[in-house]
Structure formats: structure tokens, C-alpha cells
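Shared between the two complexes below is subunit A, which pairs with subunit B and subunit C, respectively.
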Partner chain A sequence: MSDILLEIKDLGIQFNTGKGPIQPIRGVSFSLKSGETLGVVGESGSGKSVTSLAVMGLLPEKKSKIVSGSIHFNDEDITKLSEKQYRKLRGNEMSMIFQEPMTSLNPVFTIGELLSEPLKQHKKMSKKERKEAIINVLKQVGIPRAEQIINEYPHQLSGGMRQRVMISLALLCEPKLLICDEPTTALDVTIQAQILELMKEIKAEKNMSLLFITHDLGVVAEMCDRVVVMYAGEIVEVAEINELFDQPLHPYTQGLIHSRPTNNSRKSALYSIKGQVPRPEEIGIGCTFANRCPHAFEKCLKETPPIFEKGDHLSKCWLQDSKRQAVMK
Partner chain B sequence: MLDFIVKRLLQVVLVVFLALTVVFFLIRLSGDPTTLFLPPDAPREQIEEYRELLGFNRPLYVQYGDFMFNAVQGDFGQSLRSGEDALSLVLQRMPATFQLAISALFLSIIIAIPLGVLSAYKRNTFFDKASVGITVIGQAIPNFWFGLILIYIFAAQLQLLPSSGGGSLSHLVLPVITLALYSVSRFVRFTRSAMLDVLSKDYIRTSRAAGAPTSRLIMKYALKNSLIPIITLVALDLGVLLGGAVITEAVFSWPGVGRLLHQSLMNRDFPIVLAGVFIIAIIYAVINFIADILYAYVNPQIRVK
Partner chain C sequence: METGTVTTANPLNVKAKKESKSKEIARKLLRSWTGVIGFSLIILLLILSIFGEVIAPFDPMDAQLRDRLLPPLTDGHLLGTDQLGRDILSRVIVGARVSVVIGLSTVLLAGLIGTIVGVIAGYYRGWIDIVLMRIVDVQLSFPFILLVLVISAVLGAGLTNIVISLALAGWVIFARVIRSEVLALREKEFITAAIATGVPKLQILVRHILPNIFTPIIILGSLQIGTYIIAEASVSFLGFGVQPPTAAWGNMLDEGKDYIFNSWWLITFPGIAIILTALGVNLFGDWLRDTLDPELKGE
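For the complex of A and B:
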């Protein structure tokens, strides 16, 4: 087995909307090594959730389809799996924690009933063994009174507790890949810190690979080994974490880092990138970021930039073109 | 919980009181019944005498007070025609009406809920479109007309089933189908949309991400959520079925409360009408009460409160 767990190549996803097809994901490629935590950052609407749903095989069936590329998990192209084969992976080899803890747990089932689902699907266990396993995992994620909680309903728990339940649901079968889609955005700051801490501990303990989606660079800095920056359905930069913060190559990444509220942000007005992420139907020729980019020149408007490689540091920007760099000097 | 029950009981009393009041004044508006019992050329004195005898000559509010005073004690007076106790006449007819309504409801549920679920599951396929189409027609067809068609086909032409009367299972078939047509259509469409709504929820995606197969998502995780609105609808429809049985009972001469009320209204036999309204209002309220309890049972968010 290679040490790459997940490899996405040239992924393109199309949605059929009332106004015709749009393609919110275009040519996305990145890979995740086993044991690594890879961050995916980008503004709202950049396609983070859609990409992760594609990995889980959870894209809305009739509305969307994968129009190009492949997703290899454990050296197998999972875009070609049948629903039945996919089901064997979900909740077992790969799990996902969703953005919204408040609406992501079924309100009419007890925590115990909800948590027994992946075990029923993937493990041959007696009722008693299942109960033990569930209580165990609840304790692991720091839920007090686990024995009582299994008989309670989601609405009886706080947001932080629900997210812990979601985490334990994802962990039950000890997956190799855990996708976290903004697991802490809906929570307040102290709870957020606790949950992040918990995820770090669990990850270290279980040696999982984490795909960590967020728009918060602070969280990325804390959690991730490497970062993928997404913009308007494309990948614009990939770099190791320190490299990204020290030497961001893409103007969009630079803007994101710049607009991060820091401790001394009170002194100066908060910087923000002007304009908005273009909607999928607004994307034309040239670089998708050109209309908001402070460094854009003629070529950016006419030609889509390729990916420039600088060792492991990738960026999709004409500024990295050696010809342009020669001109600048 | 006790709080809840007491509050609901007060509501029931209020509803029954209002229903009786409204019906009392409405039927008085239609004129007093003495004219119907006496020949058209009866002398004035005789009419007056008769009105005095039955108390119709008193001011309306006195009659109303009198009626309420007796009604509270369960006394709705005697039938103006037969002289039998009005309430017991109505009660005698109850079982037949219940038999009809409950059978129709049961038939509707076992046909409609699976169909609705299947329709949601196979949304936008030919099956789904066909079933939606049929239910639209089912809701549009008038009840009595459908009943007459059934009588024409199965009783008159094929001579398979009796066209009227009660007493045996074969008598039940046509009226039940007639009555069920509307609820089946309503339930199918309602179940379908409730299921579609639930299936698009975040928590269904969570269960899918946990590895649950589609059949399980539908039969277990989505159905239980959909049952919450479905139960409410079913309870409401039992009320509608009990009331709506009036016409069906008339078409098939089914010996239930509906037919009794229908006849009594035609005859201006007020005590029976009022006793009937009283019973139906109470049943309606009780059904709603039971629905609320069931509702709380499937919806834990209410149960805790």
C-alpha cells in the first residue's frame, strides 16, 4: 500500500439547476497522505463542502454528477463504485462530520439508536457489545454520563455535546479517513477550542488521516500539516503549513492571511479582499481571481493560469510564471 | 401532563358548547317544526296549542337556556316524531357509522402510506407521476358520484355486491371504498411530500454517511419523522370521515348517524339533530386529544415539555 490514502485528480462536478447546468468544481486535484491532516480553506461558496461530499459519495444523486477526473481511496477509484460498494466504506473506512450539529442528528431517535447504525452496518456485534462500544466512544470524546446520554434525544443536548456525538458517530468504526466540514463554526469560542483539542488528541491516538475544512486560518494553523486553498471551485495554492503562512504565493492566499483578525487588529481597520467570489455561472476565461486581484495584468484576464510548482508548493497564478518574474526584475 | 389534560378537557367543553349553540340557533332560523307536523290548512288555534305543548312559543333565549340546562344533564328531549329519547336514538346508530368510518380510515392508511412512501422514493419516475395523477383525480371526484358509479358497476351491472342497507360484510364494501377514495388520495400526496421533505434533511445525510442503505433511510429514519405530520392528518380525516359519512350513508342507505341526521334535518326533528351534533362534537374533540398524545409519543421534543 502506498502512503497516499486519498488522491483526487482533475475532479469536475456539475449541478443541474433550474437555470441550466453549472460546474462549481473544476479541475480539483490534491492528495492526502496517511496520518496527515490536510486543511482545505476558502471563502463561502468556494466548493469545499461539495468536494468533500463527492469523496463520501453523498452528492445529491439526481441533481449532480462527476463530469471529470477520479478520486482514489486506498488505490481504488471510488467514483466507479456501485452504491452498495460505497456503503461499505461510509461510516466504516471513511466518515464525515458536518457543518451543522444542530440539524445533523435525527430528532426522533435516541443517541444510542443513532450511534448503533454504523455498528449494525459494518460490524457483527451483539446488542450488548454494541452498547459497550457506544458508551466507550462517548467517553472517549469526553461526554459525561454516557450511560444516560444514550437514552436521550438530540434536543436535550447542547450544541457542543451534539458535535461530540457527531464525532463519536464518525469514530465508531475507526475510519482511516475523517472529513471534518467546518466542525466548529457553529459553536462558541471556548467550546470550539475544546473540540479542536479533542480532535487533535483522537487523531494522534488513532493515526487517522484528516481532511479538515474550514474558512478560519487560525484553525488551520492549529490543526493542519498542509493546506489546500480553494477559490471559486478551483485549487489556487497548496503548501506545507509554515510555508503557506511565511511565503504565500497566490494573491488570494495573501489576502486571506492579511484579512485575518489578529491581536493588534484593533489598531488598523480590518483588511478584506474586495469583491466577492464569482458564482459558478459567472466564470469565464482567464484567472477566476483576476477581477479581485491587486496584481492582475493583461495575461490574467485572457488565459487561465496553469499550476506552477515550486517543490511541494503549488500555486495557480501567472505571477509564478518565470517569464513574468523576469519582467518584474 | 396533568396540566395538559385539564387544559384539553376545558377546550373540549368549550368546543361542544359552541357547536351546540351555533346549531341550536341555525336550525331555529329555518323555522319552527310545528308547520311540518300539522296539515297546511290547520286552524291557528291548533298550531298555537301545539307550539305551546312543545314550548316553541316561549322567547328564544328561554328555550335556549332550557335546552342547555337539560343538555348538561344529558337530556336532549324526545324525538318530535317517535317520542323516543333523542340521545339514545343517536347512540344506537353510532356503531354503524364507526364501522364505516374506521374501515375506510384503515383501508386508506394501508393503501396510502406505502404508496406515498414509494412515490417519494421513486420520485419523478413514471410510477410517481402516475400515482400523483391518480390522486389528483381521486380528490376531484365527488363522493356521491363515485358511490353511484360503484353501485352502477358492481351492484346493477355485475350484481356482485348489494347496493344499499347494512348488516353484512358485503354491504360494507362499496360504502367503504367510496368513503376511502378521498382520504387515500389525500394521504398519498401528503405522505409523499412529508417524506420528500424529511429525505432532504441534514440528519438523513448523517445516517447515509454512517453507511445506512437507502431502504433503511426510508423505512426507519425518514418514516418516523414523517409520521408526525401524518398522524395529525389522519386524526383530522377521521373527523372528516365521520362527518363525511353523512352523504355516503345517504347514497348507500347505510343505517348510521349520518343518515339519521340527514332524515331528522329534513323532518325538522330538532332534538335528534342537536343530540347528533353533541355526539359528533365530542368524538371530534376526543379524536384530536388522542392525536395529540400520539403526536407527543412520536415527537420527543413535545414529550419532554
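For the complex of A and C:
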């Protein structure tokens, strides 16, 4: 087995809408090493969630299809798996934590019944073993009174507790890959910090790989080793975490970092990137960010930039074109 | 829901919780006077339908032509006698059973068919949804009673046949409601989460979606029972339903209508019985909806 757990190559996804097909994901490539935490950031509508759903094989079957590229998980192209084969991976080798702990737990089941689901699907265990495993994992995620919680219903728990239950649901079968789709967005800040701390601990303990999807750069700085910045369905920048914050290359990333509140700018208005993410049907030729970019020049509007590499630091911006840089100097 | 596998740290605690649960339901019931009335009427109806023969002061089939068309409160006949001299009170009491049996079995059958169709249409979507829902649309465009009459005319009279024809005419409402519930549910995040833990499609439907539509089924069912009881009475009144001499409220109306001008009690009392039953069932159904509705549950 190679060091790389998940490799996405040139992924393109097409949605069939009433107005004709659109491509919310175009040419996305990145890889995730085992034990690594990779952050995926971007505004709403940038394609973060669609990418993660594609990895889990949860895209709506009839309305969407993968039109190009591949997703390799453990050296196997999972885009070609049958539904049945995929089912063996889900919840077992790869799990997902959803954004809304309030709506992600089925209200008619007790916590115990909910948590026994992945074990029933993937592991051959007796009822007693299952109960033990569930109580164990609940204790791991820091739920007090685990023995009683398993008899309670989701609505009896607070938001933070429910997210802990969601995490334990994802951890039960000890997956190699854990996808977190904005796991702390719906929680208040103190709980958020607890949950992030918890996820870090668990990750270190189990040596899992984390694909961490968020729009919160603070969370990214806290959690991730490397970051993929997405914009309008494309990757615009990939960098190691410190490099990204110190030397963001793409104007979009610069804008994102710039628009965070800091201690010393408390009284002034926050910086914001003007305009909105173009909708998939609005994307034409040229750089997708050009219409909002403070540095845009003629070429940006006419030609789509390729990905420029600077060591491990990738960015999709004409500013990085060495010819241009040469001219500027 | 008890899992049975789980030993609780404090069994006393659990018991106390259960008691408070039934108390809670009683409290909710007592808070709404319409709920109390509906509930009482239903209890009365159930008692009559189970113990009818014991409670009835006379044999409902015993025709005493000497005593025919006696007005109420004569010779111990509290509600009078009919054209064959049978005691009307006894017939009304015994007739409750027909209504209850028909109401319940129709709602079970119609609910079953409607739920299956609704779930399939809502969950699998695609062409099967289109086909099933167009059938539902076509059927909904016919008046309910007309449809019941046509089907029972084909099947013939009798208790079983009237249940079948009521159910065949009535399942569409269940299908419609259940489909829309399933449509909303399948997009819920917890369903995606269940798929993400590797649960197969059919199990998602049976284990994760079905329990969630239980409440709307119960509510709709309880409200539909009233409709079916009235429909049975109407069909029996028109001569297609339960056949004489079996005492049923509908055919009592049918037989009594010829005497409406000089013996009003023949049709008045079975009529009142039908009204009270429908009222009770509907009041109870409304209360049930208000209590079980998940949106209001937390309050």
C-alpha cells in the first residue's frame, strides 16, 4: 500500500438541472496521505461539499454523474465501484461527519440503536459486544453517562453532545478516512473548540486521515497540515498550512485571509472580497476569479490559467506565470 | 421504545419515567375538552360494539309485528320500535359493531395499500412514481361514494365486499400523504448519514424512513375512520352495503325512510348514532394530530 490514501485526479462532476447540464466541479485534483489532515476551504458554492459527497459516493444518482477523472482510495478507483461494493467502504473504511448534528440523527432511534447500525452492517458482533463497543466509543468522545445515553433519543441531547454522537458514529468501525463537512459550523464557539480538540486527539490516536471541509480559516489553521483552496468548482491553491498563511499566492486566498477579523482591526469594517462566486452556468472562458480579482489583467479574462507549481505550493493564477514575473522584474 | 438488550443503571428511575409518560398523555388529553369528548365517544362505541348483545335490552332480531312502529318510551322500548316491531335501541347498539368493524378494517386495508404505494412512489421516484401518482389522480377525480358504489356493485353486497370497495376507493388519500412525507424524509440529512454508514437502500426505507411516517399514518387513519363509517352508512342506505336483517345504521336508515312522515324515530336514532360516531372519531383524530405532530411535540 502506498503512502497516499486518497487521490483525486482531474475530477469533473456534472449535474443535470432543468436548464441543462452544469459542472459544479471541474478538474479537481488533490491527494491525501495517510495520517494527514487536509483542509478544503472556500466560500459557499465553491464545490467543497460536492467533492466530499463524490468521495463518499453520495451524489444523487439520477441527477449527477462523474464525467471525468478518478478517485483512488487505497489504490482502487472507487468511481467504478458498484453500489454494493461501495456500501462496504462507507461507514467502515471511510466515514463522514455532517454539518448539522441537529438533523443528522434519526429522531425515532435511541442513540444506542443509531450507533449499532454501522456495526451491524460491517462487523459480526454479538449484541453484548456491540453494546460494549458503543459505550467505549462514546466514552472516547467524552460523553458522560454513556450507559444511560444509549437509551436516550437525539432530541434529549444538546448540540455539542449530538455532534459527539455523530463523531462516535463515524469512528465506530475505525475508518482510515474521515470526512468532516463543516463539523463545527452549527456549534457555538466553546463547544467548537472542544470538538476540534477531540478530533485532533482521536486522529492522533487512530492514525486516521482527515478531509476537513470548512469555510473557517481559523479552524483550518488549528487543524490542518495542508490546505486546498477551492473557488467556483476549481482548485485555486494548494499549500502547506504555514506557507499558505505566510505567503498566499492566489489573490482569492489572499482575500480570504485578509477578510478574517483580527485583534487590532476590531473597530474598522471587515475586508470583503467584492462580488459573489459565479454560479456554475455563468462560468465562461478565462480565470473564474477574474471578475472579482484586484490584480486581474487582460490575459485573465481571455485564457484559463494552468496550475503553476512552486515546490509543493500550487496555484492557479497568471500572476505566477514565470514569463510575466520575468517581465515585471 | 425498549431495546431489551440494555440493562439500566437504575430501574426505579425508568419506572418513574414511564409513569410520568402516561400521566403526560392523560394531562394532554384532559387539557383539551374536544379530545375528552372524542375519546369518551370512542370508548362508548367500542364498549357497545364488543358487548352489544349483553347491553341491548331486547333481541335486535326479534320481530313482534304486534308492536310495530311504537313511538319512543312505550312498553319499555326506550327509542320505540321499527316497522317489524324490533327494538330500535337494541338495533342501534348492536349496529355499532358493523360500523366499528368496517371502519377499522377499511382503514387497515386502505392504509396498507396506500402506504405501500406512497412509499414506493416517494422513495424510488422515476417512472414508477409518475405511473402510480397518475392512477391516484385519476381515481381522486371520481366522487368517493360513486366509486364505492361502482366497486361494490361489481363485487356484490356483504360485509367483506363493502370493506374491500371502501378500501379500494380510499387508499389514494393515504398514498398521496405518505408519498409527500417520504419525499421530504428522503432528503433529510439523517438519511444521507445512514447511507454514509453503509446501510443498504431497502433497509434505509424500512428501518429509517417507515418509523418516521408512522405518526402521519396514525393521524390520517384516525380521521379517515369517520369518513369510512359514514360512507358505509351511505352505501348501506342505498342498498349496496350490509344486507338486512343484520342491524347496521345505514340499512336502518334505508328501511326507515319509507316511514319518515309518521314514524320519525326510525331514522332519527341511527342518524344520531352515525353523527356522534363521526364526531367522536374526528375530535379524537384532531386531538391526536395536535398531540403527535412532531412540529408541536417539543412544546
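We take it that the second predicted complex is superposed on the first by the 328 of 329 C-alpha atoms of A that agree within 3 Å, B and C clash if a C-alpha of one lies under 4 Å from a C-alpha of the other, contacts with A are read in each partner's own complex, and residues count from 1 in each chain.
Note that in this section contacts are C-beta pairs under 8 Å (C-beta built on N, C-alpha and C of every residue); 3 or more make two chains touch, one makes a residue touch a chain.
Everything numeric in this text was worked out from a predicted model, so none of it was measured.
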| item | value |
| --- | --- |
| When subunit B and subunit C are modelled together on subunit A, clash or fit | clash |
| Touching partner for A:Asn92 - first (subunit B), second (subunit C), both, neither | both |
| Which superposed partner A:Lys127 touches (first subunit B, second subunit C, both, neither) | second |
| First, second, both or neither for A:Glu147, with subunit B first and subunit C second | second |
| Partner chain(s) touched by A:Gln156 [first = subunit B, second = subunit C, both, neither] | first |
| Touching partner for A:Val189 - first (subunit B), second (subunit C), both, neither | neither |
| Which of subunit B and subunit C A:Lys62 touches, first, second, both or neither | both |
| Which superposed partner A:Glu100 touches (first subunit B, second subunit C, both, neither) | both |
| Stretch of subunit B, among 6-14, 24-32, 42-50 or 60-68, that runs into subunit C once the two complexes are superposed | 6-14 |
| Overlapping contact positions on subunit A, where the subunit C interface meets the subunit B interface | 56, 58, 62, 83, 87-92, 95-96, 98, 100, 103-109, 117-118, 121-122, 155, 166, 169-170 |
| Subunit C-touching residues of subunit A, taken from the complex the two chains share | 56, 58, 62, 83, 87-92, 95-96, 98-100, 103-110, 112-113, 117-118, 121-122, 127-128, 131, 147-148, 150-151, 155, 166, 169-170 |
| Contact set on subunit A toward subunit B in their complex | 56, 58, 62, 83-84, 87-92, 95-96, 98, 100, 103-109, 114, 117-118, 121-122, 153, 155-156, 166, 169-170 |
| Subunit A-facing residues of subunit B, complex | 124, 201-214, 221, 224-225, 228, 298-301, 304 |
| Subunit A-touching residues of subunit C, taken from the complex the two chains share | 1, 3, 5-6, 8-9, 125-126, 188-201, 208, 211-212, 214, 294, 298 |
